[in-house]
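The two complexes that follow have subunit A in common; it is paired with subunit B in the first and with subunit C in the second.
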Partner chain A sequence: MKKIYKFALILLSTLGLILGNTSTSFSKVEGDKIILGAAVSLTGKYSSNGVHTQNGYNMAVDRINSMGGVKVGGKTYKFDIIYYDDESNPKRAAQLAERLISQDGVEFMLGPYSSGLTKAMAPVTEKYGVPMVEANGASRSLFTKGYKYLFAVLAPANLYLDVAIRTAVELNGGKGVKIAQAFEQDAFSQDVRLGILDAAKETGSEIIIDDKLPKELNDMAATLAKVKATKPDVLVVSGHTKGALTAIRQISEMQVDVPMLAMTHCDAAKLSKQHGKNAQYALCASQWHKTLTYKDKWFKDGMTYDKDFNEMFGYAPPYQAAESSAALLVFKDAFERANSFDQKKVRDALAATDMQTFYGNIKFAPGGQNVSKPMVLFQVICDSSGKCENKVVAPLKWASAKLIHPMPKWSER
Partner chain B sequence: MDLLIFEAPILMVQASMDGILLGILFALIAYGMALQWGVMNIINIAQGDLVILGGYIAYFMYLYGIHPAWGVIVSPIIMYFVGVGIYKLVINKVVDRDLFISILATFGISILFMQLMNFAFGADVVLAVSGYGTTMLFDNSVTLPNSKIFAAVISIIFAIGLIIYMKKSKLGRAIRATAQNARAAKILGVDTEKVYAATFGINAALCGVAGALISITFTIHPYMGLPYTIRSFMIVIVAGLGNLPGVAISGMGLGVFEEFADYILGTEFRIGSVFLLLVLILVYRRFKLAKKREYLK
Partner chain C sequence: MKKNIFLYSALLIFGLIAPFIFPAFKVQLSILCVLIVLAITWNIQGGEMGYNSFGNILFYGLGMYLCASVQVGMFFPLAEWTESGGEKTFVHTPVQFFQGIAVGLAVAAVIPAIVAGLIGYSILGLRGHYFAIGTLGLGVAAGEISGGIEIIGAGQGFTTPPFPNVGSLEARGEFFYYCSFVALVLTFIAVKSIYSTRFKLVLNAIRDNEDKAEAMGIQTMKYKIIGWMISAFFCGLAGGIMGGLVGYIDSTDVAFDGREMGVFMVLMAILGGKGTLWGPVIGATIFHIFKEGFWTFFLGWQYVALGVLIVVIVIYFPEGIMGWLREKYPEKFGEVVDEADRKAQVELK
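Let's look at the complex of A and B:
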């Protein structure tokens, strides 16, 4: 009797597995749905930015579907996304890419959050010839491997702080400046560093401090003491959120006077919220800012996007969300121009993309990076009541405030 | 360029002071680790995660408008009970097993804590602002954040308090007796189970203090615990078990060594040089021990 039970149990569970699998097995297009696959970090160390990425995707899916969807071959389709949680782990991300493609049958992918995870997934999507539009992997090495199916809507990492150096040189009457820099040892920050090296070479600037911060370090006191002793014209820091927060804390504590401070990841770090007036005058590189005047049909412009996103998710969209929404707009545009769901045709259509979105102009270089959208720099500026705001100061075309340079000395604040 | 420290000797003062202040804070964490390693023979991989949890307690007080310095009092009280809880749930099942099992168990606790903190508090890097200002010496060329000085002073107070408590109180004596010989202590009527729970609780409380101090001097993040575990492990290894003044000295020594390595070799060699020093010390110790053995023969 027991044996029969056991047998029945095994039979049932096998059946369950088979049925379960077939019912969750997707193909690229089911009925009127185009199904995209995405692995994003919902847990682990990237989970806050992973959630911004997912919210950005969801907002765009919602908007495109409610405004008529995607028209291919005279038929209207709606977007749908299968999500998996990659746990902020590159190995897991690569496995999930494999799973999305070979088990779930997805034929078009959206990118994960961070350069590291995108790097892990790109070889898989490339192997299967699955077009992937990503919005959160800026590392230069993604675009030098000759990938044919990878497209990034954001500017590559080496351009993040390029503008800052050029602005400093310009303010110095075209003469080279002395640069002190501290970068975390991760793919992204080291790419930002390479960008600075290029800019320094072109402008005849000199790099006098070049520190590489270990990942586990949250103390920059030694670097800052060197800065104090050598008095550079520009201090550049890139070490994700932790680097930005640590830098501001220790610069204010040690009263380091430097004419220009340029950083990355300021808005993710909520600099002015966590540090108040101590964060004032810091320059931050950003992919997007709501006051930029780019326009499109779906989200209208940055201010409207900001308002709508706020209504839907209850917080102001960081640039990570905006660029993720833009990725969906690129896919929609490519599907309609390809007028087909053939991966090769969609890939060619993606490569020929030339459009404006609320997030910026999008046109891909042969390596897959977006070359027609410059980075913007904003400066943290506080009013007398202590309320701080990020104001765009460069490039001049979009500047909503004048750059305050040099930064006032601590003794005069 | 790398030899800036010799061109501007005032930087040596800065580096030494930074190193000492940093070292004292690390020594406090190592102190807890040495205590429970010595008593229970458990290497606690979750040490750093207890520190971070303590930091979150101070951070939440700060969020609700209470000055984060009060975390120095509130955080150890809460963390003591967290420590006792962990002991009752997990550690008491591995305490008399071999070291490998306890490392696995505390490694598991570490992962669990990281994920729970990430789940509860989010993955954002946070910090608490003390508003203590800065002490400037030598015409503003050496700067010491008052929050770091505060952290060092509090660490010293807690360490001294604990040494006195260990010497004078009944529980302290029971803990020391258990550390010397658990079986003999048991025979003489010491409730070792209680001693173990209290030891783990005290360790967690020390982590709580350190965490609160870290939230006002550095930054807090759910996944930032491991460096603290490794650092305190190294300090204990260098000092040797049961050598509490040694812990304080090796903490400060490593802190200063690390700062000087940063100035002379560059930031990228900072952690590496500390590890190199650890290896050298271990090799040296081995030779010393081998010599002793020969002598005994």
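Let's look at the complex of A and C:
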């Protein structure tokens, strides 16, 4: 038995040594570097969007650093980011927020991907008074908690598909429409659902199917069978990237005819590339599109961003990447206006943000959400050669194509 | 015996001062305590009784939801708190928070134990692989069902009451560390004391040959159910603490997290050596250190590294670390090796 005790003691002392050695903490500003902390989903169900987020951050860091960095107190600093993988798991995200702050000594944070993970991290950053600029947590409930250190560059989730319902009602001569909807069981999609419920109530529309889809979803045939039987005017689906891919795959397999199909995450899922003509006519909510006419001096405009991103990472940037890049621009702007690394001062500077970026205008409401940037709606439209593209159809100010409504029946395609 | 007391008091003192020696690691240490509790309780079924349960995660998740619901429900309308992901925010006063969590943890421990007693009668009738698959289903089903219950937040998740503004910034970390450490000590004492009674022998008899045990007049079902209730009690407690620590409950990713926690508790017990008292403790500690290390040094590849670790465990330590030690140093485990007999056998070969 003695051996075991010895073993246990050795184990404990090793643990002690390991912990003791690794607890050397970084400081927020090391030399000429401003170190930001970020937990993104590199593995797990959000890994594709996590990578878009990380690429967006990296692209902006590169650009800002190569264009002179951040000037604070007469000195020039460069951005650097410590990344961790949150594995698409809220439990891990909360732990990592704690770890970034108390072990790595990070004093400024960038957000993770998805509302659920942001919900798990926000209480931690708030407790330590660490300003967090996030680009991928859109759930409305994030902005009603009275968080003072949370800033989101994107429009809240309940506005995502609001436009689609209103457009459908308008095209129906102002009369309410019949809506079928299916949403993944996660914070973001459930919030999109709330937005639809509100819009339906205001327009006098009727919801005839209201399904919940499991996480990790790869089958929604049951919902689609009901859609085939009940013939709604609009079908709304939201379930991150997998939801979009599953919906298109099964709708085309089952030849489900519906006048309007409204979704989220079409560009992140690269629908027009992956499913080509099968994805045609799908309407998608987006925070950003390359054809929008916003400008800034770092990325110039959407088209240039699209080109540069393509060169750097080899694929067209979905809005998740664009909004992530914008988060860095917001941080840079706030640091320079605060002219200090004091967390409170930076927080106040962030709250007073009022700027235009290639991604859109950014101005925060007291709750922390960006109120000066509307959502856009695009439609997947293919030309005769079978090449498909996302074209903005609403709001009219930026529309580059006319909305095709109703979607042609499968038998006529 | 003297040495035992020395060791236990050393460990106890270490546990009590750990958050001050490693102030930056309070969260990891709290999670370590929770992991050890889960491994110890899993070992009651998997190790001592020979029933490989993947369903203990059910009690952990149940405890988590129960604790948070009681904490909120005692002072505010629960439905309004969770409605649309917690749009309305009610603030707990420090007194409300601590009262809430005390009652919440008690409920989080007791109800899962009762649930274990109720479902145990049918589930524990299954044996071998059937039991493993049946319990695996329990965790998955619970995750999907809870993801559809509006009053606990459904797919939106459940934000647990934030820690009140008392004491320093470190107060929250310290509070949850001591909660989990106390839970660990209670679990260890309880399990150690039942292992010193006839109860453990009965469990072992069930493991070795259940039919024979029954033929000898042991009411095996009764013991199996009691064993599972004990596991459920401490799993629920651990879940309740973990919910408060994470601050956000998601049905499948945090509460009924069978894919991670549910598998980890099995792995940790096997790594340390199932069917021993110290095995799960050592296994959980090593596992946690490895996992945290992989996480830092193999970013993006941590699951590959973890997979390699599992393969190494299965190939080189099939009986776990304790089993390996026991084979190497049987005399340290009180097994008498007759040297003359051993030599005679070697010569015979």
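Brief remarks on what is shown
As a working rule, the second predicted complex is superposed on the first by the 387 of 413 C-alpha atoms of A that agree within 3 Å, B and C clash if a C-alpha of one lies under 4 Å from a C-alpha of the other, contacts with A are read in each partner's own complex, and residues count from 1 in each chain.
Keep in mind that, in the parts below, contacts are C-beta pairs under 8 Å (C-beta built on N, C-alpha and C of every residue); 3 or more make two chains touch, one makes a residue touch a chain.
Everything numeric in this text was worked out from a predicted model, so none of it was measured.
Contact with subunit B, but none with subunit C, is seen for A:A229 once the two complexes are overlaid on the shared chain. Of the two partner chains placed around the shared chain by superposition, subunit B is the only one that A:T241 touches, whereas subunit C remains out of contact. Legend: residue contacts after superposition of the two complexes on their common chain; A:T43 is shown touching both subunit B and subunit C. In the superposition on chain A, the chain among subunit B and subunit C reaching more residues of subunit A is C. After overlaying the two complexes on the shared chain, residue contacts for A:S385 are found with neither subunit B nor subunit C. Of the two partner chains placed by the overlay, only subunit B lies in contact with A:A221; subunit C stays clear of it. Of the two partner chains placed by superposition, only subunit B is touched by A:H275; subunit C is not. Of the two partner chains, subunit B and subunit C are each touched by A:Q185. For the contact definition in use here, the residues of subunit A common to its subunit B contact set and its subunit C contact set are 43, 185, 212, 214. Every residue of subunit C that touches subunit A in the complex is listed here, in rising order: 3, 7, 10-11, 14, 21-28, 31, 84-89, 144, 147-148, 154-157, 159, 162-163, 169, 172-173, 242, 245-248, 250-254, 257, 260, 278, 282, 285-286, 289, 293, 295-296, 299-300, 302-303, 322, 325, 329, 332-334. Of all the residues in subunit B, the ones that touch subunit A in their complex are 1, 4, 8, 10-11, 14-15, 18, 22, 115, 118-119, 122-127, 129, 134, 136, 140-141, 143, 145, 147, 218-219, 221-224, 226-227, 259, 262-263, 266-268, 270-271.
Chain contact summary for the complex, subunit A toward subunit C: residues 1-5, 7-9, 11-12, 15-16, 18-20, 22-23, 25, 42-43, 83-85, 87-91, 94-95, 98-99, 102-103, 116, 119-120, 123-124, 127-128, 139-141, 144-146, 183-187, 189-191, 194, 212, 214-215.
For subunit A in complex with subunit B, the touching residues are 43-48, 182, 185, 208-209, 211-214, 216-219, 221-223, 225-226, 228-230, 241-242, 245-246, 249-250, 253-255, 269-270, 274-276.
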